[in-house]
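Letters are used for the chains, namely A, B, C and D, taken in the order the chains are written, and counting of residues starts over at 1 for each.
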Amino acid sequence: MSKKIKVGIIGAGTIGSVHADAYAKVANAEVVALCDILPNTLAEKAKRHNIPLKYENYKDLLANPDIEAVSICVPNDLHAPIAIDAFKAGKNVMLEKPMCLNADQARKIVKARDKSGKILQMGMVRRQSNEADIIKKLIEDGRLGEVYQIRVKLIRRRGIPGLGGWFTTKARSGGGGIIDISVHALDLSMYVTGLWNPTAVSAKTYSKFGWPIENYNYVSMWAGPPKMDGIFDVDDYAAGLIRFGDKATLSFEVAWACNAQPENAIEILGDKGGVKLEGSNIVLLTEFDNRPADIKLDYDARRDGFASELEKFIGAINGENEVPATGEQGVIMMRVLDAIYKSSDLNKEVEI
Amino acid sequence: MSKKIKVGIIGAGTIGSVHADAYAKVANAEVVALCDILPNTLAEKAKRHNIPLKYENYKDLLANPDIEAVSICVPNDLHAPIAIDAFKAGKNVMLEKPMCLNADQARKIVKARDKSGKILQMGMVRRQSNEADIIKKLIEDGRLGEVYQIRVKLIRRRGIPGLGGWFTTKARSGGGGIIDISVHALDLSMYVTGLWNPTAVSAKTYSKFGWPIENYNYVSMWAGPPKMDGIFDVDDYAAGLIRFGDKATLSFEVAWACNAQPENAIEILGDKGGVKLEGSNIVLLTEFDNRPADIKLDYDARRDGFASELEKFIGAINGENEVPATGEQGVIMMRVLDAIYKSSDLNKEVEI
Amino acid sequence: MSKKIKVGIIGAGTIGSVHADAYAKVANAEVVALCDILPNTLAEKAKRHNIPLKYENYKDLLANPDIEAVSICVPNDLHAPIAIDAFKAGKNVMLEKPMCLNADQARKIVKARDKSGKILQMGMVRRQSNEADIIKKLIEDGRLGEVYQIRVKLIRRRGIPGLGGWFTTKARSGGGGIIDISVHALDLSMYVTGLWNPTAVSAKTYSKFGWPIENYNYVSMWAGPPKMDGIFDVDDYAAGLIRFGDKATLSFEVAWACNAQPENAIEILGDKGGVKLEGSNIVLLTEFDNRPADIKLDYDARRDGFASELEKFIGAINGENEVPATGEQGVIMMRVLDAIYKSSDLNKEVEI
Amino acid sequence: MSKKIKVGIIGAGTIGSVHADAYAKVANAEVVALCDILPNTLAEKAKRHNIPLKYENYKDLLANPDIEAVSICVPNDLHAPIAIDAFKAGKNVMLEKPMCLNADQARKIVKARDKSGKILQMGMVRRQSNEADIIKKLIEDGRLGEVYQIRVKLIRRRGIPGLGGWFTTKARSGGGGIIDISVHALDLSMYVTGLWNPTAVSAKTYSKFGWPIENYNYVSMWAGPPKMDGIFDVDDYAAGLIRFGDKATLSFEVAWACNAQPENAIEILGDKGGVKLEGSNIVLLTEFDNRPADIKLDYDARRDGFASELEKFIGAINGENEVPATGEQGVIMMRVLDAIYKSSDLNKEVEI
């Protein structure tokens, strides 16, 4: 029989609030504790989400034996240390994306999980979308045949988040657009195709728009406004090619900011058919009436992916389902991201 | 004073006819001879274009001392031998794209040109378009700032030309979509940006749709219909990344056939602005009223590029202008194409 | 000096919640009461929004002398009776769109307002958007010259709301897509252009997809799921032409459901320039570098229009600003909507 | 047995050349005569198309008893007098679009045809396209169900033809964009749907961009350059609604020039499905995998419609097929065009 799990959320920023709202829809979850180093934020969010226990130090939260699970919703550089401490404290861990700063840290997180015997789930929320289900089924049903090429385009015109803050400070974030936004599209691509064997990357990243901060001309900013005395030392544009052995490739272009029209698309090309996910449109490239045809499929794009992923996290703790996004997959993702940055630094292709 | 140049056209297929029509608009050109190995085609086209001299063997045409210039409009494998013979015969050479099968041949053509002292012009007709002028001027005027990324997308749904014929037979064509269609976009990109220093390529090509020939489902075919007993051993999809030293990259996706929606775009991204050429639309990415803005510019897209390039070819012979597309640039292009195929064969990045 | 206004919200459905959230951002507003005829909804929403007073009968809420203002967020047929009762009770009224079922009711509401001397504000939330400000300024600055044509396209593929419920029951809603969604676009068009003199309408409405209810094939439904034993007797498609005297026209196509690709656009054409609002994209049709050019302007699309309109409602009560959307304009809108339906019934043009 | 028909072409401008090229592909047609009032044009075109007989006066051409059929390719105001004279001379008549200046003239042409017993075919070339066949078949196969709404959008940014010449002089052309370009789309719409019973029109035309001629800012001009001392007294924008009894409507927006983005689309909406023809793209709005779906169908868009229509014209003369576009349909079209202009002049809906 499934039991109610007491949860603590570490990090009370935007994404911490998203988790709080989503846990509210999960029958077997009860958010009992919230942690943030900023007392005002902590008080305000605890009140808004009606969370009884407040901690300014995550170690105190981890020391509470009633709490069985934690959502880690903090800046990227804190993912690994807090996750490892959480496993040491015997907690199950829901870890937001990106997993951490690099593959070394990712392996240590998995090692800590193994030592603890607890659950680790990655915050790959796009896998929980209706479009992920539809595309995965199209592929499993053989509609695409053999997949050989994936095209990822995530192009923002002026979309640097929190300019000058932790997002744009490499020591805290691990990088820019690549680590922040490509992670969802790359994960979704590998998830629906099963291509979990990336072998080499040739990439180049650029950093053109965030510095000097006062010159950045934008119309709105996630996690803004800019900190004028802050740092911008990360990528705002990247392009590259990932090889999956000798059978498939993935080309990507990812920009927080550039002088190109916005794009948000993943295309998966097979020898029998193809699929394009553009924004929330799904187009199936196939045949109809014996002609080549592009079919835009209507579907319900409004599913709450966070509620779905947290439902599965709680389910995994209760032994009712598998973890939908594993630490092992997270390690693969971090190895890819490491290789992208390394390839750019060396200005040549590198193995993963 | 400029004089009238007598011209012979070698190859009376579609592109040969295009040259004949275009020379008719060039005041100082007189097409006096046509050559084709197919007697019927030769007779029909000579009549249509009102060309007096007919040759079935190009060597006979080259032996005519009145002819000062030739347009070479034959399958790719014949480009090098005919061009070299033409220079040996003291002719000026207008050579259709692609230059030839590979960089080795290309260098031999240039060597033959140097020995002859005659003019060699490459058939890079898109440089003669109004859009090329507009984009080149935008870049020269500094509207884009420093260019660091170029994006080339040439995606056809089912667009293999002459399936089973010389286009799809590697020994005759040198390759598929890459050598046939990417050549225009890569040349235009390097021409308008001045980025003539490609240093490395990481690419992968695929061959999925042309074989078996009877299974190919298409709605129309350039140079068709298919030869059912012919060969298809070339690429119909390719993706890759070209490095220009450490300062710029070009990502490309080129398909004769695939399960993706058609695209035909070149985007050039600079730190001050960007430009997108999509079909015949030019969009300038810049600022307007102090906001980031995308500006679609109206212009006359209907200039006859062939007449323009042949005008310049005749002008170059008469010493009135420079050759607009040189053999040296042609060699660079063939080195890039060679490297794309080599990178795919080796499944890793290669230097150019 | 501005004072804090005590507010009651009548109707605790989706739009009532939107008002509650928005009032929370208005410094001088305090939501003290909520009303709904459904006890469960009332209890749940009052708790969620932390509203102390709960009423099942709106007359009881109106009888509370502490309440100075009400937001009316109920089905359309109740707009007029509740608004009139509210004015009789001396309340200021924020009235959601559409104003009511027809122009007769609308005039009665305005008469009740005049008798009470209180404030009436219409829920024309799109006027509060950043795009409305930008477009209005473009027009006022003369960028468009004289406006002569407006084009409104609001096309949904399968977007009937609450099929079988009050939305699709003419006696309760007054109509379908026309009264539900065209109202925003028509109001915005007249607001930014100042064309408040519609004189005639030629229109036709259709009703093709909502009946029989069980045959309706949809992927998601606002205010759903369908009530299988409900009514659908309203329009799901309409097209027409509105004349503004002899100088300007507005063409519209509005569909809750049809077999056309979705569109959401307002275009305003002048003799000097034009503007297109498509989704949240603003394109200015003008000249650039002496060429005709289409300029997509970046701007912040994320302003909370509801908070803005409620701020102004409270401000108007405190005498600090004008009402941004008046009852008189609401009457004009209802006359247009009446005329659209009448023109369709008579199958000919009618005067407004 | 079908016999070879001797043809004369009256009018040696652009469209006359198109007919000459197209007749060259029709086995049973032999163009023996060409007529133009401009001696230079006549000589040049007769040479280019290899046409033996040249006439400066069409009456002399009509007097040649060997000629059995004529193509009339002259300015609109000459359509009726020449067509009527041709029938009097016992010729079969291929009449370019628009049929003439107004319905009165159209009826006289049909009367002359009836008196002569000869063939009259209208130049509705778009009916001969592959897309017309595909869409007509979709409708006949019941894929759309009952058609109730047609949407025609023909929007040019700056596309006035021959500004200052006969195109823009109402006495010679009959009107502007409406009579020049809407005619194809309206005819195609009525042809594929069978809706030949237009009953009323509510429309408004505008004239904003062609005058004064020297202020017109354009990038290319069909039949240009402008005649600076010419006339512009026709419509460059029109919008309206056509009723087909009580069951269907057609909304149109047609512009030679305006400040809106270019569009070229016909949409046909039925209760079972819809079809959109945009440029040369066909999209079928239907269901796929039980979901609402938009299906872009690939097809060969490159059929030569002129050769096809002239083939049928010759075939009709030889009694081998029906005329594909009749004079009766032409009269209906002219009644619609008349009504559009009349509705605009009266500023109210008119019956057709």
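One rule holds in what follows: contacts are C-beta pairs under 8 Å (C-beta built on N, C-alpha and C of every residue); 3 or more make two chains touch, one makes a residue touch a chain.
Owing to the predicted nature of the structure, the values given are computational and were not obtained by experimental measurement.
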item: More contacts between chains, A-D or A-C; value: A-D
item: Far-end chain from chain A, centres as C-alpha averages; value: D
item: Geometric centre distance via CA averages, chain B-chain A, whole Å; value: 43
item: Length of the line joining the C-alpha centres of chain A and chain D, rounded to whole Å; value: 56
item: Centre-to-centre distance between chain C and chain A (centres being mean Cα positions), rounded to whole Å; value: 38
item: Two or more partner chains touched - positions in chain A; value: 157-158, 219, 291-292, 294, 298-299
item: Chain A residues within the chain D interface of the complex; value: 284, 288-289, 291-299
item: Chain B to chain D touching residues, read off their complex; value: 157-158, 219-220, 298-302
item: Chain C residues within the chain D interface of the complex; value: 144, 148-149, 151, 157-158, 200, 202-204, 206, 208-209, 217-219, 237, 239-241, 243, 246, 249, 251, 253, 258-261, 267, 269-274, 276, 283, 285-287, 290-292, 294, 347-349
